[in-house]
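Presented sequentially are two complexes of chain A, the first with chain B as partner and the second with chain C.
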Partner chain A sequence: MFTTTTTTTRRRTLVTTGALGMTLALVLAGCGARAGDDPAAAGSSPAASCVDTSGGTVKLGFLNSLTGGMAISEKTVSNVLHMAADEINNGGGILGKKIQYVQEDGATDWPTFAEKTEKLLTQDCVAAIFGGWTSSSRKAVKPVVEKLNGLFFYPVQYEGLESSPNIYYTGATTNQQIIPAMDFLAAKGVKTLFLAGSDYVFPRTANAIIKLYAAKLGIKIVGEEYVPLDKDDWTSQVAKIVAAKPDFIFNTINGSSNVGFVKAYYDAGLTPAKTPIISVSIAEEEAPAMGHEVTGNYASWNYFQSLKTPTNPKFIQSWKAYPNSSGVTSDPMEAAYISLYLYKSLVEAAGSFDVDAVNAAAKSHTITFDAPEGKVTLNGKNHHISKPGHIGQINASNQFDIVWASGKFIEPDPYLEGYGWFPADIRKQLVDAAG
Partner chain B sequence: MDALIPQLLNGSAQGALLLLAALGLSLTFGQMGVINMAHGEFLMLGAFTAYLVQQVIAAGDLSIPVALPVAFAGAGLFGLLLEVTIIRWMYRRPLDTLLVTVGVSLILQQAALQIFPSQGVPVEKPGWLDGQLNVLGYGWPLRQVFTIALAAVCVTALSAWLKYTSFGRRIRATVHNRDLAETTGISTRSIDRLTFFVGSGLAGIAGVAASLIGGTNSQMGAQYIIPAFLVVAAGGIGQLKGTIIAAWAVGVALSCFAYWTTGSLAQVLAFILVIVFLQVRPQGLFTVRTRSLA
Partner chain C sequence: MTKLKPWISLGGIGVFAVLLLAVAPVVLSDHWLNNLGKYCCWAIAAVGIGLAWGRGGMLVMGQGVFFALGAYSMAMHLTLETAGDRVPGFMVLYDPLAPLPAFWEPFRSAGFTLVAIVLLPVVVAGILGYALFKRRVKGAYFAILTQALAVALATLISSTIRETGGDTGLSDFKYFFGFVLNDPANKVMVYAITAALLVGCLLAVRQLYRSRFGELLVAARDAEERVRFLGYDPANVKLVAFVVSALMASVGGAMFVPLVGIITPAEIGAAASILMIAGVAFGGRASLFGPALGAMAVGWGQSSLGSTWPEGWTYILGLLFVVVILFLPHGLSSLPARFAAMRRRPEPPPAPAIAAAELEEVRS
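Let's look at the complex of A and B:
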């Protein structure tokens, strides 16, 4: 028995190695061919794009994780994109052309995001791609859209320190979410702060920025804790919070780990009255899924369902009427909604779907959109948009009462160049670390 | 010293949850040699059962006590279904069961994602679990005390069942020597089915406990499956007392490391410890001497 098994295993190993070798050879051959093509492609540049808008439609790609761990968040974004596409089509489309979308599944796997981006651009010949959630997915898509000169619209708040000619960012960068949250804490007279985050690039970068700004504001950081994204039990770390007795907890935890954090927080006897939490990833959709009342805690976002703007009621109504709707609207959903309309405005300003023409229009025109969060303006240089900062306090119906607003719209500053307390060497260090 | 007590208590509770997740595995993996990667999803089924029960009888004080037996039966039946339809065909091929059950776990995850809201569902803690127990000045969350009590009840019931009932004796006979057990008239087929039912059912109970600690969503099973396998392996295959000690040790190690270092490093350190231990003692804490040839 044993001998047979060993032989089979060995044979299998051989077959596997062989297959691997073949694949490698194929990939290398593919790379070689592509590398050979490149100079020619560079010569004729954007004309090499296979986007066909000669008919009555324009093809767009939606790239969201519909399976795997991130489907928890990205399914909603995908649904909102479909809704926005339907809306635009009912209104006559973009430059008179109806949107025909190709939905792809990123499957919570970053190499898949890169492969699907390439597929959407080279096989489906889409004019632009919308989606992504995690920074890892964006960083997987970035080199591909840059190499193939495609367009990618990214709808989620993130850690900043990035700007690509081929990416448009419609979520907040740090100076539109983290810094307003700190301004709010300073205005409240907070003296001590505890940082709790998931262990990945966004919380680590956000906390590096928070610590620098806190030093300037005179807020003392009394603790900093990280737990892996896929781990829910926060009891040990919450015990440290209890011991540190901070005035406030700054929460950069993401996903289901938030549920564990909130449960451990209440289990340990902490309350929003004494030790409130300010979060940057708990929104209208997450608040009711905590399994515990979270009333009284805070969140920093640009958009809240409770915002009173001219276009918000229509957005909420369309979403509530949409099939498979969760019934509530939230910041990332709104940013996804913005992304498609922003693209429409860009194309209309450019008068063309061509990537270079769109990018030129971003620089030469003032592109605005009357978003549910207010009238946002595209910054043609860094491809981010201006946003209002808002702090909401969770009420008994899991909606947010706006308790603080930045007033004017905050210009996007992904590299925090307008903030004197942010030293250049740390900027370089963080940019290098983020890859 | 006063830092040690909270970590010991907290670690014991973490260990208790690990134990609940590992108990079922110690039956299906330990006793039957089936590598069931869908065990984490049976745990998820238990957590969703807690949610569904709370929808029916409101999130009152009774919901969790009612959810426990329902989750046991529900997850157990799913396990039985898996055994009857798939696992029974591959008892002599452990690596194939691993691949097949990974597939089953993906199917169950996606099914949960389709059926329930993608953000996950809330499971509320009953009122009698609010508050803390004062242990030498440390407010020990009652929810943790409950996890430990639940684990203790499950372990006692399981070991009594294995030791004193005729079913238990037949299971042990089958584990020791399947062929000889068959010649004495034991239907090893029905014993296999029963073991799988109980093992999966225990995952359901673990799921109810997990739903009180973290999120209830399609991905929750993934965070328990690997630690649970490690605990079973470190405890010694087929040995309940080994599983108990290993779960407790891993729980306390996780908690202490999390206190001394960070939450992320604690995971790494605790698992390095288990791996080093398995290098030194590959058979685990305790071993069963069997007369079978496999």
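Let's look at the complex of A and C:
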């Protein structure tokens, strides 16, 4: 029925052109490396870096979601990075070179994060990139910085079980936030726990670790519920919490979905006095935005605005005076602030902006920074930093009263190697899968 | 319009092929060549939308579904190729001891993957199209239904994190059918395959447009009852166009994965599906080159304007879309015809395809 009126000549052009294209593709393929080739000859060694620091400036890339769902959180990180860059420039720059930053928008879209990372490294020729928030964005950036041998500084607490020669993590890994929170719950005599999280990589992994540790601590997990990041109706999940009657709720919900969760929590008649929540993503910025009183609930972080350290007052003051400031400081902001200063110390220890030199300096030197949360030390092997653990309770002015502190700084242990309850075979599988 | 200048359209495709395959790899940097490859993927899907929507009048608002079938088939294969004998890393993260889900297993085979990229969209679109067109579902109902499918699939993928990577998506591919993906020469090869596929798709729809099938498709769009009266079943005509457009979306999706290095539900959901339509409308849905060029322009805008003015770029896109729909309902590619019509005032009827499309506009 659909016989075409085309002549054979036309059909032949179609075939010829298609064949031509394919031939060209195959000719080009002739030069590429195949799996199993010698990696040195396989061209997988990255092209020479195009970073140019011969002038009076060094280019750095800031990659934050300025649009989309995560913009509300990531704009603050972007602003605090700008503030830190201004501070460093006023103090003479890095190795005497002024920071010239290129701001890119990740648009809350993970492929965009990958594309912009490549752009920053190959088109703008930046010496390092700072930013990201969600673990998904980091996982999109990771293969690109590894391929191009770039540097990425990631400022947000995350689920651990990762390390990369091309990434520095200035937020907490699990043993600096999740495990202290569990220790706090055990000390409080909590017997039953309900897990509520957003449906993506961080909450899923964090809860897998929480379940393993809870078994060791004798805490019973009475339920586990997830809602996609972009959905905020928690009504039916909260009904399950009401039925399960847990002593505590462990909240790994991220972003604005928390507003829906807190609303459903109060609508169901739950109160912080009887069923308190401990969160790992609600900080000073988010607490006033919950739309409900959240007083009495808890959060586990390394930094709180209420911390009494020598450098914290100056940090808070600078931020309040900064244009575009939100007026309050929070943990991810502080970690972003640390990241730029940590990079400065690394470059100065290395005496060079070269990625391999910086990584070598991380191993050979003790890199420290007097951060607002205290004096942090870089672990040159796993590229994480030591951090103090703190639990805060939200007070009426949406600030946190410190109710528990780890005392000493906790060494970063992303693969939980110092924790006997974490199964060795799983660790091995994870390391193998990542390698 | 089509019969008037057979060699012009073929020559156009030739020039386009030379630009994409010979000029671009020499002129562009690795980064922009890779980006151009990504736009080509959207353009491949857009060529299919041009066929289904521009010529067939079916407003396919859920091409993300078919884009996903190709993309996820390819991504599963590349993930397994990278993981080797092991269970992929992200699965270990969520449930360390569970085995590989059964539906992943066949995607180990390169042959099965290639067949799946072609057959999955054909089968899905075939069943869906048959059910819808035989029941004479059309217009807004058809559009809403396809859109809903895209939303449903994106939600399904988001909520099955261990099986599909969820919202984080699948990424970190090391090999592409045995080729090391990091190798710049192989990157150019992947680009060249994508560009060649786009040229192939353009040639295929050109043949379809010039064939009796193409005329039947336009007839089914503009006067479905008359086509039926003449003894043809318009459902079959539309079904073929719909299946071909699904196949093209799937091919675009499959090439998107090695080029961009990551696939997430956000790239296949409602917003992504609408962006595909926007490019087609912008370029001119019923023309041969309009859909592809429109999709590439939108992709380029996203990359470059999104960098210089992140908060403003979506407004520019929206404004452009409104202006085009209001003043140039047949997209930018109708501009030459408009000018020609203006120059020779005494002959009022513009090109036949446009007249037919305008007729449809009046009716709907």
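Here, the second predicted complex is superposed on the first by the 379 of 435 C-alpha atoms of A that agree within 3 Å, B and C clash if a C-alpha of one lies under 4 Å from a C-alpha of the other, contacts with A are read in each partner's own complex, and residues count from 1 in each chain.
The criterion applied here is as follows: a residue touches a chain if its C-beta (ideal position, glycine included) is under 8 Å from a C-beta of that chain, and two chains touch if they have at least 3 such contacts.
All values derive from a computational prediction rather than experimental measurement.
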*Based on the superposed arrangement, let me know which partner A:P228 touches: chain B (first), chain C (second), both, or neither?*
both
*After lining up the shared chain so the two structures overlap, which partner does A:P288 touch, if you call chain B first and chain C second: first, second, both or neither?*
first
*Which holds for A:T205: it touches chain B only (first), chain C only (second), both, or neither?*
second
_If we overlay the two complexes on their shared chain A, which of chain B and chain C does A:D267 touch? Say first, second, both or neither._
first
*asked:* Contact-wise, after the overlay, does A:S135 reach chain B, chain C, both or neither (first, second, both, neither)?
replied: second
_Output check: A:I426 vs chain B and chain C. Expected answer is one of first, second, both, neither. What do you get?_
second
*Partner chain in contact with A:T67 - chain B first, chain C second, else both or neither*: both
_First, second, both or neither for A:K75, with chain B first and chain C second_ = first
*asked:* Between chain B and chain C, whom does A:Q237 touch in the aligned arrangement: first, second, both, or neither?
replied: first
*Most chain A residues touched (candidates chain B, chain C)*: C
*What part of chain A is shared between its chain B contacts and its chain C contacts?*
67, 199, 226, 228
*In the complex, go through chain C and note every residue touching chain A.*
10, 13-14, 17, 21, 29-32, 34-35, 38, 81, 83, 86-90, 92-97, 155, 158-159, 161-162, 166-169, 171-175, 178-180, 182-186, 188-189, 192-193, 195-197, 199-200, 203-204, 207-208, 210-213, 216, 232, 236-237, 240, 260-264, 266-267, 303, 306-307, 310-311, 314
*chain A residues within the chain B interface of the complex*: 67, 69, 71-73, 75-76, 199, 225-228, 230-237, 239-240, 242, 255-260, 263-264, 267-269, 285-286, 288-292, 326
*Please give the residue numbers of chain B that touch chain A in the complex, ascending.*
6-7, 10, 13-14, 17, 110, 113, 117-125, 131-132, 139, 141-144, 210-220, 222-223, 254-255, 258-259, 262-264, 266-267
*Using the touch definition up top, name the residues of chain A that touch chain C in the complex.*
1-6, 10-11, 13-14, 17-18, 20-22, 24-25, 28-29, 31-35, 37, 42-44, 47, 66-67, 104-105, 107, 109-112, 114-116, 118-119, 122-123, 135-136, 139-140, 142-144, 147, 159, 161, 199-201, 204-205, 208, 226, 228-229, 423, 425-426, 429-430, 432-434
